[in-house]
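Look for chain A in each of the two complexes below; its partner is chain B in the first and chain C in the second.
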Partner chain A sequence: MTHLLDRPIATGSTIFPSARAGWPEAQEEEEFYLRTVPALSERRLFVQLLPQDGNLRWLADYVQSEINRLLSLDKRWDGHRARPVTDEAAGSSISIVFSLCDEISLPPQFFPLPDGGVQIEWHVAGASVEIEVDSMGGAHALATDSVGSALIDQDLDLPDLVTLAPLRDAVRQLSLRVVRGR
Partner chain B sequence: MGKPAIPDHDRVLRRLSDSGPNMIAVDVLTGDRRPSSGAFKPDEDGLSVFREAVLDEAQMTAADVAVSPQNLVVALSIAEVRSIAPLDVRDDPWPIDVPDPAHPRYAAHALITGWDGLGKGERLRRQKQLSRLPSLAFIHP
Partner chain C sequence: MVEVALGVQFRPIPALRPVELAGLREQWRNEFPIVTDQPPVPPAIEQPTSGPSSVQLVFGPALQTRLWFLGADESMLIQVQHDRLTANWRKIGDSPYPRYPAVRQLFEDRFADLAAFLTDREIGNIDVTQVEVNYTNAIELGGDRLGHLDAVLRHWAPPEGHHLGVPEEARIALVFPVTDMGRPPVRMYVGVDPARQIGREPFAFLTLTVRGAPTAGDLGATLEFMDGAHVHVVNSFAELTPPEMHETWRRTR
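On to the complex of A and B.
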């Protein structure tokens, strides 16, 4: 899986920018390329699956929709001092979800954070996994059982899949609980 | 004589943003709906709230705390907030860095403080505790 923002993020990534209004005149090219950035509310992100992602198109579509909803929020979206969700937070959020989820995983809930970050949450029968992604893309996870005792409380070191293993198991256990509980 | 402490029996009101659809997390098995703990993430000076008693005195209600029709407002017992050490509540009337600083609601503005020095995990746990306080009540709309 890779996530694609309005600007190149990695060599070889395919970029699908939001449509710009008209093509710039030749004399304006330098200005266009050096200075033109989409307004925050126009940012769009596209999630493209890689072969190793398997059959997760449903998750890619869902995550793409949710993250773009958060990216469309302007500053002060909370009626107070909130900053817009950053590209870094959006990108890390996608990487984290695809590192934790598989075909049976529950889709997480996404929330914006006032510092420009994103919060990712799963809640099942009182137990939960909550991941706070800050505006720079750093993440911290808290998993609790149904009485609120912490099971996992750790910084996430992307893309180190070993450190993500306990969290991936926690998400899987919550998902299995739903599959069996219905 | 110092300023009297904010009494335990007061409540504070917290506006939940209309970030579309909202800041409500749903338990997929029980259907229980609670604010996301992210709705209680403090900024540099604390977590912005409004004192219900001061709003009452000025003949305002939870509806005056909302800034758009989609806003939800929840109430929390100050005693329960203080039970989450080291959190506390202090007055912060008339903050300046807000979109509408002259609105009368800001006479009741206060902050949930005590976040300084907490690690990320400690802060997240307290946010989660706030979101699960027994006294938490949706009072608007």
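On to the complex of A and C.
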């Protein structure tokens, strides 16, 4: 895959506006004026990912979009008693994905969890890697092969990249199956 | 010349929201009576061309905006958002370019104002991470010459013998590493972009932008970076453009 180098130029100029389209959204503007500024504890956060490696710009853009989508969910987003996704869960999810992915990795799917956590999943031909990040940022990983046998079933110690090595290999193997199949 | 922008990006200050900037608006009201909202500009940080994979995570409130503080004739502009401060001069009508020292002074004064404002209200401190100096020129090309970059860049040779003839439009981007100032990586970007505007001849924007990290996050290092960038911009213009443009440059810079 080829990634064109896309560098923002003259960001302070008013002739070449480079602001992100559609952000902030009209609904947020309306809320701002109708409800004034929410209390600090209620304020909705967003994330910006600034990759140090230009080859991962595509992943940063994708993860940023997905995590912000989850962070925008209000409480009771499931119609029941679900909590909003927490900052801790969002931060851990981003750290995990960037610890596991490289240039050939498939982008994972992200799902909110009712406790405020995040579920991260890769699925290829029946095999899968699933990581459950709880609302405090703790994480558990489960990797299965195509017949459902567990290959990895462990809690993740995030600062310790050694414990992530088998998981990184599992994600890479899934990605290679797709790349070779193209 | 149609625009000069001297600006910085600093570590995000989430509490620097429009409602907090109301006090600054009062302070600047005499010089900048017009205030408008604009979408925020995302970060643009010079990255090394290689190195270990890592990511910088920035959390902030979603309800951010960028405020424009405009002078009465709208040629002088201050842009403020939760992680940026930029001073612009823009050619509006026949407004003369006030020259680099005046725009630099405008930036320096507003930087000091904003820093004092943030300190007084215990909102935060400005820790500069990137400095950006941008000069934009609009160069008349006339007729159907949007494909003639040789009118803008002295070293450009139009393609000869192409079976479709001369290109209808042409644009170019040059990126130079700058190694004698700031903390690497520092880069200069030169761009030529064709443009059309109702009621005038076709023209090209020639932009020269220098961006990178200063040697420290304070005002002194920021101004030192801007001064160095200004020298590179002036020298680059002289080296890249045809001699006949230099006289025009001298008349306007």
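In the analysis below, the second predicted complex is superposed on the first by the 128 of 182 C-alpha atoms of A that agree within 3 Å, B and C clash if a C-alpha of one lies under 4 Å from a C-alpha of the other, contacts with A are read in each partner's own complex, and residues count from 1 in each chain.
Definition applied: a residue touches a chain if its C-beta (ideal position, glycine included) is under 8 Å from a C-beta of that chain, and two chains touch if they have at least 3 such contacts.
Everything numeric in this text was worked out from a predicted model, so none of it was measured.
In the overlay built on the shared chain, the residue A:173 is in contact with neither chain B nor chain C. Contacts of A:94 after superposition: chain C is touched, whereas chain B is not reached.
With both structures placed on the common chain, the touch criterion links A:163 to neither chain B nor chain C. Once the two complexes are overlaid on the shared chain, A:113 sits against chain B while remaining clear of chain C. Judged by the touch definition given at the top, the superposed model places A:76 against chain B, while chain C stays out of reach. Of the two partner chains placed around the shared chain by superposition, chain C is the only one that A:60 touches, whereas chain B remains out of contact.
Within the superposed three-chain model, A:102 lies in touch with chain C and out of touch with chain B [touch as defined at top]. Interface residues of chain A, counted against chain B in their complex, comprise 69-70, 73, 76-82, 106, 109, 111-115, 119, 121, 123-126, 128, 130, 132, 140, 142, 144, 148, 150, 153-155, 177-178, 181.
Only residues 2-3, 5-7, 17, 19, 38-45, 47-66, 77, 79, 84, 86, 88, 90, 132, 134, 136, 173, 175, 189, 191, 205, 207, 209, 211 of chain C touch chain A when the two sit together in their complex. The touching residues of chain A, when paired with chain C in their complex, are 7-20, 23-24, 28, 32, 37, 43-56, 60, 72, 87, 91, 94-95, 98, 102.
Note for the complex: chain B touches chain A at residues 15, 17-20, 23, 25-30, 32, 36-39, 41, 43, 48, 67-68, 71, 97-99, 120-121, 124-125, 128-129, 132.
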